[in-house]
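Structures given as structure tokens follow.
Common to both upcoming complexes is chain A, partnered first by chain B, then by chain C.
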Partner chain A sequence: MSAISDTGTRRDTTFTFTIDGVEIRAQPGQTIMEAADDAGIYIPRLCDHEGLRHQGSCRVCTVKVGGRSVSACTQPANPGTNVESETPYLTKLRRDLVEMLFHEGNHLCPMCEASGNCELQAMAYRLDMTNPTKFPYLEPNRDLDASHPDIALDTNRCISCGRCIRASMDVDGKGLFGYVGRGIKRRVAVNGMDLAHTDAAVTDHAISAEVCPVGCIIRKREGFRIPIGEREFDKGLIGHEIEEKANA
Partner chain B sequence: MAEPRLIEIAPVTRVEGHGKVTVHMNADNQVEEARLHIVEFRGFERFIRGRLLWEVPVIVQRLCGICPVSHHLAAAKAMDMVMGVDVLPPTAEKMRRLMHYGQVMQSHVLHFFHLAAPDLLFGFDAPAAKRNVFEILKENPELGRRAVMMRKYGQEIIAATAGKKVHGTGAIPGGINRNLPIAKRDEFLKDIDTMTEWVQDAVKLAKDYTIEHIDLVNSFANFPSNYMSIVREDGALDLYNGNFRMKGADGNILLDQIPNKDYFNYVIEDVRSWSYMKFPYYKEMTPETGWYRVGPLARLNNVDFIDTPLANAALNELRAVTDGKPNTSSLGNHWARMIEVLHCVEMIKQLLEDPDLQGTDLVAKGDRRQVGIGVIEAPRGNLIHHYEVDEHDQVTYCNLIVSTTHNNEGMNRAVKDVAIKYLDGQAQITEGMLNHIEVAIRAYDPCLSCATHALGQMPLEVEIQDAEGKVIDSRRTGAA
Partner chain C sequence: MPELRKARIATASLAGCFGCHMAILDIDERLIGLMGLVEFDRSPVNDIKKFTKRCDIGIIEGGCCNEENVHVLQDFRRNCDVLIALGQCAIMGGLPAMRNAVMHSENPLLECLEEAYISGRFIRNTTHQIPNDPALPLVLDKVYPLSEVVKIDYNIPGCAPTGDVIYSTLASLLAGKFRGFERELIKFD
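Moving on, here comes the complex of A and B:
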């Protein structure tokens, strides 16, 4: 159902604002990101995911509204505002954030089954992260949890986006995942001694390929089945589907 | 000079990775001992522990920048066994074979034209500035162009079967993740006859060299040994699949049709204090008598025939030189290498014409096992991957025997043989003399570690030490 009406037969509650000077139309209650998506403008993101409640924690979607930095995935769009997104400053900020995620985890893309389908890797490509040497590598060496017959967890690749936590709690009603630790030590853990001691099932939404943006949650014996060339981001840069809307 | 001396050559140029040669000379300038030291990448076996079984064929490719496909396929074969798959769907087996033939072709061509040809064409003691691939391109641009195109053809085959020229993902436990689209097939078919023609010329080049220099070939690092490879059930050459065969120097068969999974009942790895790399030998014999060589010439010594007509005819010519007896030379490897490339292009053509490559049944399933052993004939020779995988799909044990390890004893003998012939009694050691040692090592195309490809010039460091290890002379050649 839409409140939009060009003929004015129903009250038009939509309003306009601009992103990088482009005027777009939004519905009341939409976040900046949702309105941008509808208009075919992609704002980079990692912790936000369709169908899950917004969390606003990764800050990769940071935009500027009236000179103030806000996360586009949580900030409601406001009539008449001017939002900056693709500025050199914001692109660098996003690149720095993504770079830090690489340095916090242990990411060996050529050996990782998420490669080509991974949002972190794809974001690095999109943001032109060519030289990840600025920050120190923390190189965690956490044990793989392969105790479950169908699922494995390699938390060395976790970016703490919390998508699995929200999916399991809100969609599956299970509360399988949660955060442990604080600050830089914060990471995701399962609600049990290991995966085998939880009620995790490979059919859970939280375990599905779309929820974990990286190669942390692994569905066993599926790795490398999709040939190079047919993986998600072989088709285009992350966000290309949204951007294609604008061209359509 | 009255002091005993130790001459070191480090790193050996134009081999994959790096190694070091030491020549120990006594006070009378006689060669006492000559050894090849290789730093092996054993850290890998620890790294792979705990990883998931389907990751292994992808991870192991990182062992080597030059023949990653061999490791990829050997690991995939081992994981087929773990998955309980003894027979792959025809499309999977044929796609893997295609990938393998492409790999052997590009690797052999690279070795012959880029690494070995400078020595063969310009002479072992030609100045270093002359002994490189750029000189070949300058003096014979057509040959250089063909070398590049042949290598590219092999690489494109790899890309079409594995998704990328290096470090692709084609083979998965129990099968393959893609087939070959008709359009790709036709691209390859278009050039296959040209390739076959060019490879035949390359075989002739290697053959003519060998026959013209037969005295050198016969006297240069030529010594008897046993030979080991896998062969097909009917004794034919098969680079992808087969059972072990070992032949003695006189051509008698010591072992035959030993299943891959039983290799450790026959081969044992000897450890020596001065080398990190092990010395495998046949268990029923001693380290002195049971060592063997692997690689192109070992394979051609081992097989009864080649199942493709052009390569088989070429094999017969090679055999005629030694009256049908095993060819015990080192330099004969170059000729053997080109015969294998001929076999590869013949096989590639056969496969391209086979509609199974467009099949859609790609992966088979079976009953899980704990142990996986995969054996393949890599460009440089026999390659064994051995894993144990627990019920959680995690690797708990890994042992790899790579071609260079199989050839360890053979290369050491080659080094010693040449050192005695060219360095003995010499007060002054020239660069040309040292290059002879490297030529002997290069004949085995060793892949000395997982390191990058040392194409062209690498610094060559020579140290002459007295008995106490004090450096009394040192020299550095090649581009620093």
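Moving on, here comes the complex of A and C:
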């Protein structure tokens, strides 16, 4: 809710628009997703992360505005528009995207230490992805980079969300990570021969548990401190904190 | 009204670790009620090795990593009205499917077996041979999820699935009203 609405004395610049028929209030300059978050409506997302610049690349947050597909994390909210989000079409599209990510990398959750804390897996749960899919598995076979004493990197699980790139560049001021290659070959690499030959530190924001949504950036000696079954998304579906705002 | 006969269930463990079968026991005391509704035909729990009758429900743990797995699976499909893939190995290959991703050479299966039995760093194999007894089922080129071999009607996720998700799926199937999973019960670990 805007702090300056209803005061009558200052000019109220907030405006309203609807998401799936629910009217919500937005501040000028907010994206659709930011306004939705404030209103307690969760729009699925993977590449967007609080505190990092928006990138708009995973398209899991796709919504329809006036019949056109846009990414909610980058599209500014506009007065009076009607946004569609939880429609069967968009839910199917989001599930297809998540399924393709599972096929693009090696996502054998039972052997992954991120299981239970992983946003990709949690998104699959939220989107009811229980059946096998018919896409081919790409089965990448990239080397594990365990050269650093405190950090390991298994890019076979990377979803190219770029969150580590933005965190390292914008928050840590280091530029540890970057994209290499093009098209389907595009992937994330470190700025050096391997992690040990960079200035990566386990205290970097880019290395922290919240930045990499999957089990690609691994902090050593931490993996199974919290047992399977008691992890973040065992406590609730992804997005529940945002949805609880609406009930508060 | 004539009393309904008990539903007949068959189970098998293919390329799995038997954990999903153990997970069936996690149904705990609800098993007693469930056993009032079902009887087991072919299954490792009673050691019946061949189908004695057509079954209503077949439950398969594990994917297909060898020839024998494929034959058992096809036998289940022929003899069961409804076939359930139980757990991640059955649904998507699971841990055994790790070998799919490391096999990118010209002769992937040979390379895999050589590493497992001959060249691996921690191998102690005094025969220096890949086991080739005719009784051993032939290993497939890769590990296949069940749905790539036969039609699967339902998939119960988890590694292993919880007693709750197994129970709620079986109970609702037996009552003829399975409507998918509660999201909170969906787990891949």
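Just so we're on the same page, the second predicted complex is superposed on the first by the 243 of 248 C-alpha atoms of A that agree within 3 Å, B and C clash if a C-alpha of one lies under 4 Å from a C-alpha of the other, contacts with A are read in each partner's own complex, and residues count from 1 in each chain.
Rule of thumb we're sticking to: contacts are C-beta pairs under 8 Å (C-beta built on N, C-alpha and C of every residue); 3 or more make two chains touch, one makes a residue touch a chain.
Remember, it's a predicted structure, so these values are computed and weren't measured experimentally.
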### Query
Is A:I238 touching the first partner chain B, the second partner chain C, both, or neither of them?
neither
### Message
Let me test your reading of the model: by the given contact rule, A:C61 touches which partner, first (chain B), second (chain C), both or neither?
### Response
neither
### Query
Which partner, chain B or chain C, touches the larger number of chain A residues?
C
### Query
For A:R225, is the partner it touches chain B (first), chain C (second), both, or none of the two (neither)?
first
#### Entry: Which superposed partner A:E113 touches (first chain B, second chain C, both, neither)
first
### Query
Who does A:I207 touch here: chain B (first), chain C (second), both, or neither?
neither
### Message
In the overlaid three-chain picture, which partner chain does A:R126 touch, first (chain B) or second (chain C), both, or neither?
### Response
second
### Message
I'd like to know which partner A:I159 touches here: chain B for first, chain C for second, both or neither.
### Response
neither
### Query
If you stack the two complexes on chain A, which partner ends up touching A:A146: first (chain B), second (chain C), both, or neither?
first
### Message
Quick check on the output: what are the common chain A residues between the chain B footprint and the chain C footprint?
### Response
110-111, 228-229
#### Entry: chain B to chain A touching residues, read off their complex
50-52, 54-55, 57-59, 62, 162-164, 167-170, 172-173, 177-178, 363, 392-394
### Query
Where on chain A does chain C make contact in their complex?
106, 108-111, 115-116, 121, 124-126, 128-132, 137, 139-141, 156, 228-229, 234, 237
### Query
What does chain A use to touch chain B in their complex?
110-111, 113, 143-144, 146-147, 152, 218, 220-229
### Summary
So, in the complex, the side of chain C touching chain A is made of residues 85, 88, 91-95, 97-98, 100-102, 104, 145, 147-148, 152, 155, 157, 159, 180-181, 183-184, 186-189
